[in-house]
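Consider the two complexes below, in which chain A is the common component and chain B and chain C are the respective partners.
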Partner chain A sequence: MSMEDYDFLFKIVLIGNAGVGKTCLVRRFTQGLFPPGQGATIGVDFMIKTVEINGEKVKLQIWDTAGQERFRSITQSYYRSANALILTYDITCEESFRCLPEWLREIEQYASNKVITVLVGNKIDLAERREVSQQRAEEFSEAQDMYYLETSAKESDNVEKLFLDLACRLISEARQNTLVNNVSSPLPGEGKSISYLTCCNFN
Partner chain B sequence: MADLESLEKLAGVSQPSEGVGGARCSEISTDLIRSLTELQELEAVYERLCGEEKVVERELDALLEQQNTIESKMVTLHRMGPNLQLIEGDAKQLAGMITFTCNLAENVSSKVRQLDLAKNRLYQAIQRADDILDLKFCMDGVQSALRNEDYEQAAAHIHRYLCLDKSVIELSRQGKEVANKAEENLLLVLGSDMSDRRAAVIFADTLTLLFEGIARIVETHQPIVETYYGPGRLYTLIKYLQIECDRQVEKVVDKFTKQRDYQQQFRLVQNNLRNSAPEKIEPRELDPILTEVTLMNARSELYLRFLRKRISSDFEVGDSMASEEVKQEHQKCLDKLLNNCLLSCTMQELIGYYITMEEYFMRETVNKAVALDTYEKGQLTSSMVDDVFYIVKKCIGRALSSSSIDCLCAMINLATRELEADFRGVLSNKLRMGFPATTLQDIQRGVTSAVNIMHSSLQQGKFDTKGIESTDEAKLSFLVTLNNVEVCSENISTLKKTLESDCTKLFSQGIGGEQAQAKFDSCLSDLAAVSNKFRDLLQEGLAELNSTAVKPQVQPWINTFLSVSHNIEEEEFNDYEANDPWVQQFILNLEQQMSEFKASLSPVIYDSLTSLLTSLVAVELEKVVLKSSFNRLGGLQFDKELRSLIAYLTTVTTWTIRDKFARLSQMATILNLERVTEILDYWGANSGPLTWRLTPAEVRQVLALRIDFRHEDIKRLRL
Partner chain C sequence: MADTLPSEFDVIVIGTGLPESITAAACSRSGRRVLHVDSRSYYGGNWASFSFSGLLSWLKEYQENSDIVSDSPVWQDQILENEEAIALSRKDKTIQHVEVFCYASQDLNEDVEEAGALQKNHALVTSANSTEASDSAFLPTEDESLSTMSCEMLTEQTPSSDPENALEVNGAEVTGEKENHCDDKTCVPSTSAEDMSENVPIAEDTTEQPKKNIITYSQIIKEGRRFNIDLVSKLLYSRGLLIDLLIKSNVSRYAEFKNITRILAFREGQVEQVPCSRADVFNSKQLTMVEKRMLMKFLTFCMEYEKYPDEYKGYEEITFYEYLKTQKLTPNLQYIVLHSIAMTSETTSSTMDGLKATKNFLHCLGRYGNTPFLFPLYGQGELPQCFCRMCAVFGGIYCLRHSVQCLVVDKESRKCKAIIDQFGQRIISEHFLVEDSYFSENMCSRVQYRQISRAVLITDRSVLKTDSDQQISILTVPAEEPGTFAVRVIELCSSTMTCMKGTYLVHLTCTSSKTAREDLEPVVQKLFIPYTEMEIENEQVEKPRILWALYFNMRDSSDISRSCYSDLPSNVYVCSGPDCGLGNDNAVKQAETLFQEICPNEDFCPPPPNPEDIVLDGDGLQPETSESSAIPEANSETFEESTNLGNLEESSE
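This part shows the complex of A and B:
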């Protein structure tokens, strides 16, 4: 597949405290790997994965950012062009959950108002060390109008689902936008039955 | 008693001379005696046996005589037994003692040997120390001699220096690491004196010296380490050197932060960006510090790259036979050392602050350029476009000079934001003020645009100091802005190309790892996409100009077509020939209006505008034609008029306008027909190269404009 051969291109940026497993989520999704002893990310990492959703090629540009404070000004510069943000915390680390409001303030300040934000609680393979209950996280995400998903990059739980559901949402959002912006000229391929609405299941 | 038996045997053996036949049996066997039958023979045997008996008896007597002595010997022997056991134990003890003594001697002698070695080394060390002292003495001597202008003395000292063992000089270099500390601290002190030339980058220079010092140590020690420890050990050496390096870097950066008020400046900038600052920082004041920080980072990157190259090539040699796992483990160690060292972390922190400050610098300077915008007569654009792009280029260029790809990408992202949101907003607001028209109906528009001006300047948080003093100036402002927008679009494309070529050099050095190029390309393509946004804005502005300035003017001119009768006789037709009733004046008006735009718009925009104008003329003219009525000569007149108009418009546009006027030309053809049925010569199979742009219904509609054509004939047509 050539570089330009895609129907949609979306930018997804992962943010959240250091050590919550952002890089592992990205590696698991893009390379099917779980690198143990992953060092801290420096600045930002960049991965591309093209997926097919209902016959449409969707190119996902995934920006994996460093969680450490000293890289904040670098990572913030990527918020504006992001179509989606994956805000990640570690279910075994109360602190990473408590920092979420701070991250939301950053999103408010720097991201586009059309951005889709998904809250992800990672490391559910360490259930015995859980510090943040699912209910608490769900209530929080509901109050903030975000989608919530629990994942394990190690066991590969919900990782595919996270990115594919997000891609589905981005597609339907993109379609809605073009419909609103220019009603008279439908997208090529718009005549197809609108099955993408049923392909996603957000919990 | 077994012992006795053996003793008897022993005695028998010991006296072979006495017992002549003692050891042997009698010569006469029992069988022989039994076989004897003769008396004589018996007697003879008997005699011999008696003789033998006597011998045996004698032997027995002798043996019995010995019994006493043997017994007494046995007793002595019995007494000797325990003594022998004692002797054996003593012997064993003695042997153990001898071994122990031997080992002890061995130990002692090896210790002595070690001591000897140590003593030798000590002597060497003392010798070296003496030599070094000599060296120092020589140096001091040379210096003082030179000071006293005692050149002979100085020469003597130099001679002595030259006599010194070369290895002393070599050795003293090993202490350089420590010496470096002094050297570098010295420079720090010197820094305060050097208030002029390199003062602005003194901390970057200090770091450079430190890195160069370490690089020199690595250079000189690498062969030694390789010779004595083998390849693959450089990592260990550098690991220890890096600890010292980190210590020194910490000192330098601490001093830098204090002396340059780095944290303080950052905090002020942060507050300024959040609009909560008590005092505003003058962006120009940040200029030197931003340059220094990027230079510091560039030096660190260079140094870290040097270490990475050296260590990995050393590992490569050392690991040539190693397993993949070992290689990966080594790679991990290397990454860990270079990524986690204090130097890396400190620089990342400094760069983090730098980006925020550079963003502020860019934003504030752009705002200033906008506020100080001036327009010079004869120019198409105003000063702010060049200024803004100069600033953006400078900021991105400075980020690039840090050699950090993440820093560069962040600045490209921020520049994209600045251009797309802020600066495009400024231009968009200016265009929204509209192009003031001069006709009566637009006095109202003038009022609304004045209100718009008020609104947009309030939204921007400041008043446009220049204001709009007259409609002429407002017109000019609009046109200049259009040019500005176009140049912005061009400049962004140029900026993208420049950055691309600037960075190929950086990437060819392998900076920033494998992803660097992909990251950079992605950020740059976002920047390039802003060019299209400016192009869209240009189109919006042109559409606005066309609909509010061109159309209201052109429409009345076209409408006068209606007041010219096209139902004319020969005489009028000839009269029209001499005194053109419409088209010449219309062309003149168009020319006048467009000349105003031609002078003040860039060729590209002017072209787009004339294109819009010709479309407008074609559409509007078609409308009035459909409202008119014609006879044969009137049709001919219209055909002449249309040809003149097309001929004129062809001269003012760079591309063909025939297409836009295709429908009108076809209408003119229809209006020129002799009879209704003549249309069939041009229609359907007879159309030849002509492609009809009119539908059959429209053809009938146009035919019906001819008052001399009968409706039934038109209806009867089969099209």
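This part shows the complex of A and C:
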């Protein structure tokens, strides 16, 4: 197997109601684009960005919902083996905030118990239309033991910070768990990919 | 969500089982606009896997199935003069003879503790966010169902010697008392329970050494999330069509797999391991030196049996069983080859079928490990979902909990032109894929269905103990009397992510001749004993003990000619439910055939563009990451499965 050009690889998964700006956040971060090109997401499974943190190369694999959240039909397998979840709502849409407990239940049921969850209130560029106060969101995230951040994918506010902070936390978590970050098994989830498994069996 | 569906598609797929999901993915990949719906709240239909509470809800749903009263808008008004409607079924009749038995005891103290922890956590949720009414509603029901359980479950008082009687009662109680269980997605313990499940076992181990092996029903409920219980029990042949498709289409990136670690045989009341690789044969302690040579010689021949027609000429007409007797094999070896390697029986296969099956087994061996099989982590139910994800990535629209009332057929052309959904919305399409169970009784009145007998057991130890408690095993128990069928037993350990730590999930499957329990109980009794307090004290019990058991029959709608369905319009295609076979080839073949009808001459699930390439295309902003070396690196990552295969084969031979 070839030497991979990174020290860590993490799978980050976005969830939240339709229209809260999940794809925009990913596009803004990985490509610096806003708004994302129409139809361009067809066939794109996940986006990649490699960042450098304290001299270490961290490859972030960022997965979007592929529209399955529109009719509440996200597959369970989407949550499996995610290292981090970005739970997004729209600060100008009360409904998207109200749905958060429902999303949390899905996380509890399907995601790994080691997963890190970040709550993101997006669209702070539309502050005049805000429906969910920062304080309410902070209280909620505290009660749920989640890290909380408000962003604007449009103005690029806090988007870098969101992903970079997350990367830092993932690194320290990975170290704490004394998980040797095996390059052939890039996802320190509970399972193994076909390839990793095969290597092991023939040692 | 107040979102409405578009009113026009190219392909509408009804049902999210494996064949439907593969076809949907393939069509979407080929640029067709796909709408994929399922009337259930979960993916997979009869291919699904459930958490423990999810399974209990599923059982309950079957019991209440007949009571569903539809308040959907009337569709009859929408049918025009030149149209006809084919009403779809509102009930699922594919599952029958459900019986549940609980042998595990109830520990009240633990219950209280758990319920308290849950309450606290939820109080937090609700105070922090005053909106979720369902949240607070959910807890009391869970609580109640647990406490009713504890009253009703009398396992501790039932005499262990009389399981028949006592169990009947218990079974009725368990299924009956789960009424209050809420939606499958909602009643799983929340984060705090999760934390506890992590911590509790450790604490118990240190503080209560003598009782370490006791598993109670409440523990199973509490750790219900740990279970992923398959309705169909299958494995992936490492060179089967499904593995090839997963790799080709890159859908393999959505799932993770584990090797089946051993093949077992059941002979003269004993479970033993079958040597199947070369190394196994040589290391085997059950075989004599002479047997080892005999077996190696025979298996080497089977690998390339076509090259030596003289070896089987004249034997084509007899059964493989008879043929094996003519070979230089001891009865011991004949048994192993027949039941554990060819996985066939005395009567069912001819010499040629047997040789083919043996060759296939050997051919699959060593691609990914010591046995020819893989199992998807989190259960077989992940697989349809993986293909659905692929369909969605290419624009397919997904709607669970969405039923279709009828198909609208144009009288003149005899073609289906639209569906009318539960909201009365008419959605037009070119092609319609419908899973068998959605058709009404009228439609299938001429269809003769076979049945599959299934049992699911939660046990406390493996059928064959070894140093490692993380074994995944397959065992074939031959049929005992004519007219019955061999029983396939698959035992999964907790590292397959299908059961909680300290337990095993055992699936039994056979073609039905009677009800599932009648078919499978004899085998269950040979291999297992009920879990009772009595035997816990006596630590010398050898057989695994059953904590919980479920029996049911499932309709086998595979291999049914479409002409059996009455008046099927030419653009309505039927997908079958799961078949009884071990592999998934049937589903893949069906999907590929249907895809070729819908999209003639197009490639079936070609590899999608590499996500990393797409990012690099639209992006000149990251000079430090987009250097040229990134592309080959990315490729090697995405295709590493396939590149690894070559190496593997060599290393295994």
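Just so it is clear, the second predicted complex is superposed on the first by the 155 of 203 C-alpha atoms of A that agree within 3 Å, B and C clash if a C-alpha of one lies under 4 Å from a C-alpha of the other, contacts with A are read in each partner's own complex, and residues count from 1 in each chain.
Methods note: a contact is a pair of C-beta atoms (placed from the backbone, for glycine too) under 8 Å apart; a residue touches a chain by one contact, two chains touch by 3 or more.
Remember, it's a predicted structure, so these values are computed and weren't measured experimentally.
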Chain C versus chain B, contacts on chain A by residue: C
First (chain B), second (chain C), both or neither touched by A:127: neither
First (chain B), second (chain C), both or neither touched by A:81: both
Touched partner set for A:46, first chain B, second chain C, both or neither: both
Partner chain(s) touched by A:70 [first = chain B, second = chain C, both, neither]: both
Chain A positions touched by chain B in one structure and by chain C in the second: 37, 40, 42-46, 48, 70-73, 77-78, 80-81
Complex contact set, residues of chain C against chain A: 1, 3, 43, 51, 124-125, 127-129, 131-132, 135, 185-186, 188-191, 194-195, 198, 225, 252-259, 368-370, 374, 377-378, 382, 385-386, 388-389, 392-395, 397-402, 497, 608-609, 611-612, 614-615, 618-619, 621-622, 624-625, 629-630, 632-634, 636-637, 640-641, 644, 648, 651-652
Parts of chain A lying in touch with chain C, wherever the complex brings them together: 1-2, 4-5, 17-18, 30-33, 37, 40, 42-52, 66-68, 70-73, 75-78, 80-81, 98, 100-102, 104-106, 108-109, 113, 136, 139-140, 142-145, 186, 189-195, 197-199, 201-202
Complex contact set, residues of chain B against chain A: 332, 335-336, 339-340, 344-345, 348-349, 351-353, 355-356, 359, 404-407, 409-411, 413-414, 416-417, 515, 518-519, 522, 526
Of chain A, residues touching chain B in the complex: 37, 39-40, 42-46, 48, 61, 70-74, 77-78, 80-81
